[in-house]
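After this come two complexes, each holding chain A, first together with chain B and then together with chain C.
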Partner chain A sequence: MITVLFAHPYPDRSRANSRLLKAISDLDQLEIRSLYERYPTFDIDVEAEQTALRVSHTIVWQHPMYWYSVPGLLKHWFDKVLVRGFAYGEGGVHLLGKRCLWVTTTGGDLTAFTSGGLHAHSFSSFVPAIEQTARFCGMEWLAPIIVHGAHKISDAALDNHALNYRNLLQSLGR
Partner chain B sequence: MITVLFAHPYPDRSRANSRLLKAISDLDQLEIRSLYERYPTFDIDVEAEQTALRVSHTIVWQHPMYWYSVPGLLKHWFDKVLVRGFAYGEGGVHLLGKRCLWVTTTGGDLTAFTSGGLHAHSFSSFVPAIEQTARFCGMEWLAPIIVHGAHKISDAALDNHALNYRNLLQSLGR
Partner chain C sequence: MGEGSLVVDNLVYLTAAVICVPIAARLKLGSVLGYLAAGCIIGPFGLDLTKDPQATLHFAEFGVVLMLFVIGLELDIKHLMKLRRPIFRGGTVQMLACSIPLFVFFFVIRLPWEAALVASIALGLSSTAVAMQTMAERKLANTGLGKTGFALLLFQDIAAIPLIAVVPMMASAEVSGDSGWLVAGKALAAVVLVVLIGRFLTRPLLRIVAQTGLREIFMGFTLLLVLGIALLMAASGVSMALGAFLAGVLLASSEYRHALETDIQPFKGLLMGLFFIAVGMSIDFGLLIEQPLVVLGLLGAFSFIKLGMLRWIAGPLEIPAKQRWLFAALLAQGGEFAFVVFGVARTASVLPAPWDGLLTLTVALSMALTPVWLIAHDRFLTKRNENQRDADTIEDDSASVIIAGFGRFGQIVGRLLLASGVKATVLDHDPDQIDLLRKFGFRVYYGDATRLDLLHAAGAAKAKVFVLAIDDPDTSVALVDTLLEAFPGLKIVARARNVPHYYELRNRGVDIVERETFESALVVGRAALSALGVGKYEANERANRFRRMNIGMLERMLPHMADEKRRVEMAKNAMNELERQFAHDMRTLSEHGDLSWHNPTYSRD
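Take a look at the complex of A and B:
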């Protein structure tokens, strides 16, 4: 099973994320969990989330970048679901060896992510916190799918990302 | 006015954070906003938060590090409060020139924050996302107060951090 944690507060207003999601939504053995729709008051059902992870071989975190990180609800999901005894520490072996795929979109194009640009840092400066969250839980970190300039990217380029996403998940599904 | 956004989900269980907070709580012209107590269901009153920021010359983000970042509710606060038209973009001038102080505690000691250590990265690798959030809003980024090994740090060392924190805020208060 592949579990996709989808964190977009306004899925209806999303162009890039909804297109990416649509490209994978009919795959077999895949469940999309739309966190903002499932938990509008942030009352995450920790047991249900952990059960979904237990039966998965691949875990996807898909979201737009907000303030150089994941949206608040996905961060809250990290805090509540990836706890000692489940994800790390004594007995915390339930994510060990599972694959983690990060799929994210940014508003700015790559020139914004330079030392002289709007964001003053390369995009890679913002990766360690996310990547190390997965690695600390013993997950295998796959090469992420990053869609820059999501507001203005062409349909063709977006379709290309979506197809890569689909092909990758398909190749992992078993 | 100095506004302290305090984000600890279990303030009663905190040793380091509560000690730090206690050291500054009687300062004049300072307001502590305990986010997890104020917003247990994450329904942030955006207008009240923005009003608190408008009247402040210094904004403090104080929290334990969770998954190499801020706790979920403070991340949600970033997403909801630091919005276009208030914090950046057209008309978004309300944080311009204000000071931002980051005060945080970590569980691991500094040896965990090395390429061969438990966290596989230096602590500084996790700073850009927080720092750039402040800088993108035009705030002046002060040298942060970072308390490592918060679970086992001695009372004396913790008191020293607390005193530094108090002295710094006192010197900024006017």
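Take a look at the complex of A and C:
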């Protein structure tokens, strides 16, 4: 089972993420959990989330990049769901050895993520916090799928990313 | 006594009390002394305005009966079991310590030994009425002194039973009446009967009566219950007060406890007052004038012995050092049982002629002396330790949350609290609810929550939060007025039926007011929006924004609520404002929405 934790506060106004999501939504053995739809008031059902994680071999975090990080609800999800005794610490073995795939879209394009660009750093400097979250829980960190310039990118290029995403999950599902 | 004289008598009592008690209270002498003085003034040796002090005294004993009932209500069986040791050990010690020296004294002044024995035991008893009233006035009930004092008084009430039963048997002359065994048997049977009635019959009966919803019938039934039990006990030779106490204890753990208490309270107060008046009236000043030295000698010796012995045993009885003289002063008087015992002893001719009158007078005077001892005590002994109280002896078992109204609304509040480990005290007037709730550990009290006495009884003075979940706006507002006046520190969290009710509450300064339908309507609105395809999170945002707007508008209008025209106008504007706000939302959200972030207004180059 693959669990996709999808975090977009306004999914009906998303371009990039909704396209990506659509490309994978018909896959077997895959569950999309749209966090903002499930927990619009941020009252995360921790047990339900942990149950979903327990039965999956691959966990996907998909979201637009907000402030160099994850949207608030996904951060809240980290805080509430990835707790000691479940994700780490004594007895916290439930994510051990599972694969973690990060899929994110950014407003900035590649030139923005350079030392002279709008964001002053390469994109890879913003990865460690997320990557280490997964690794701290004992998960295997897969090469992330990043879509830069999410507003400017052409439909064709976006569809290419989406196909990529689909193929990857399909191969992981087997 | 004709009907007319009954009315006149009552008029006289009330007038005397209304004049004397406030004066005594003003002078800080305590209400007991005021009542006693009123009795002296209207009695046969004063203005001689009433007919029969003995009959009045007899009637007024119901005051003592009601008082013990109320005391019983505050002590359930568990509590009573804890008091077992102080009652029996302390009671025995006190009776022996006071009666033996008194016996020696009477023997020395040449009373026949039977008379000396009866007199000394009877005088060893203290006055439950005087002592309890004074302890209540001084808020001593929950202190070490109060508890021990109460235990001793209770023991005396128990001890009085065999005493009154045995005295006739000591008579040398043959006395008509039952044998000692028969008396004891009857007493036992009566106690068993009261226990059975109290345990199995009264609660269902109270429930039925409560369901009628007629307060006066409930009150009438309560009085009937207490007086019936008292008379049953009296008929079988047991102290009426003890019977009432027993009935009280049996009802202490019932949900009607506070309603009973609040209904009995005014009667108790009035009858106690009448009792003290009657004692004042029965003071035989004639005897005092004829034989002043004998009377004063008796009074002096009696007071000296009893005060001294009480002070002496106060230490061993674990009365805190600072309260030992107070303890002695409180219990040094003779009790109302002494009147009864002397009466019985006279008819049984155990007590020879002048002595019954002399001793009765001594007891009455000693009661009048109690306030004097207390004043002396306050004068000379309290200055030093005024600020010291033994805090650890004050019990506080009241819940910190009170919920008034436990219908559909209050229940949710209560269950949330219970689920968080907070046991609330619940006030409601629906007997059907109450039974169920008690099973789940709520302290539930039946009664009209707007009554100040019930609020006190439920512990409003100690509570932190008061949840006002009553549905009827008028009742709710009346209750708020009472609460704000009587318990200004209490935090009120209120349910409002509608917007006008919201304003009523907010205008009174209640900080937290929630309209009962508002939140659920927002939830439904949110659900409708998302059913239309709006994202759940966004629907929630809209609901939140709506809530903020709406409450902001309500609060802005608060000062203008007196003015009707203004209100309408503001309501109109508020609609416009909301419309504008929504238009703004639509614009910003539909043009760029959250996507505008990638194009910050400043530019790095």
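By definition in this document, the second predicted complex is superposed on the first by the 173 of 174 C-alpha atoms of A that agree within 3 Å, B and C clash if a C-alpha of one lies under 4 Å from a C-alpha of the other, contacts with A are read in each partner's own complex, and residues count from 1 in each chain.
Going forward, a residue touches a chain if its C-beta (ideal position, glycine included) is under 8 Å from a C-beta of that chain, and two chains touch if they have at least 3 such contacts.
Remember, it's a predicted structure, so these values are computed and weren't measured experimentally.
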### Query
Between chain B (first) and chain C (second), which, if any, makes contact with A:E31: first, second, both or neither?
neither
### Query
After lining up the shared chain so the two structures overlap, which partner does A:P11 touch, if you call chain B first and chain C second: first, second, both or neither?
second
### Query
Should A:T41 be classified as contacting the first partner (chain B), the second (chain C), both, or neither?
both
### Query
More residues of chain A are touched by which partner: chain B or chain C?
B
### Query
With the two structures laid over each other on chain A, which partner does A:Q132 touch: chain B (first), chain C (second), both, or neither?
first
### Message
For A:D155 in the superposed arrangement: first (chain B), second (chain C), both or neither?
### Response
neither
### Query
Touching A:L82 in the superposition: chain B (first), chain C (second), both, neither?
first
### Message
With both complexes superposed on chain A, which partner does A:V70 reach: first (chain B), second (chain C), both or neither?
### Response
first
### Contacts on chain A seen with chain B and repeated with chain C across the two complexes
9, 41, 66, 73, 118
### Message
Show me the residue ranges of chain A that touch chain C in the complex, using the header's touch definition.
### Response
9-13, 15, 36-38, 40-41, 66, 73, 107-108, 117-118, 150-151
### Summary
Within their complex, chain B touches chain A through residues 9, 41-43, 66-73, 75-80, 82, 118-121, 125-126, 128-129, 132-133, 135-136
### Query
In the complex formed with chain A, which residues of chain C make contact?
526, 533-540, 589, 593-595, 597-600, 604
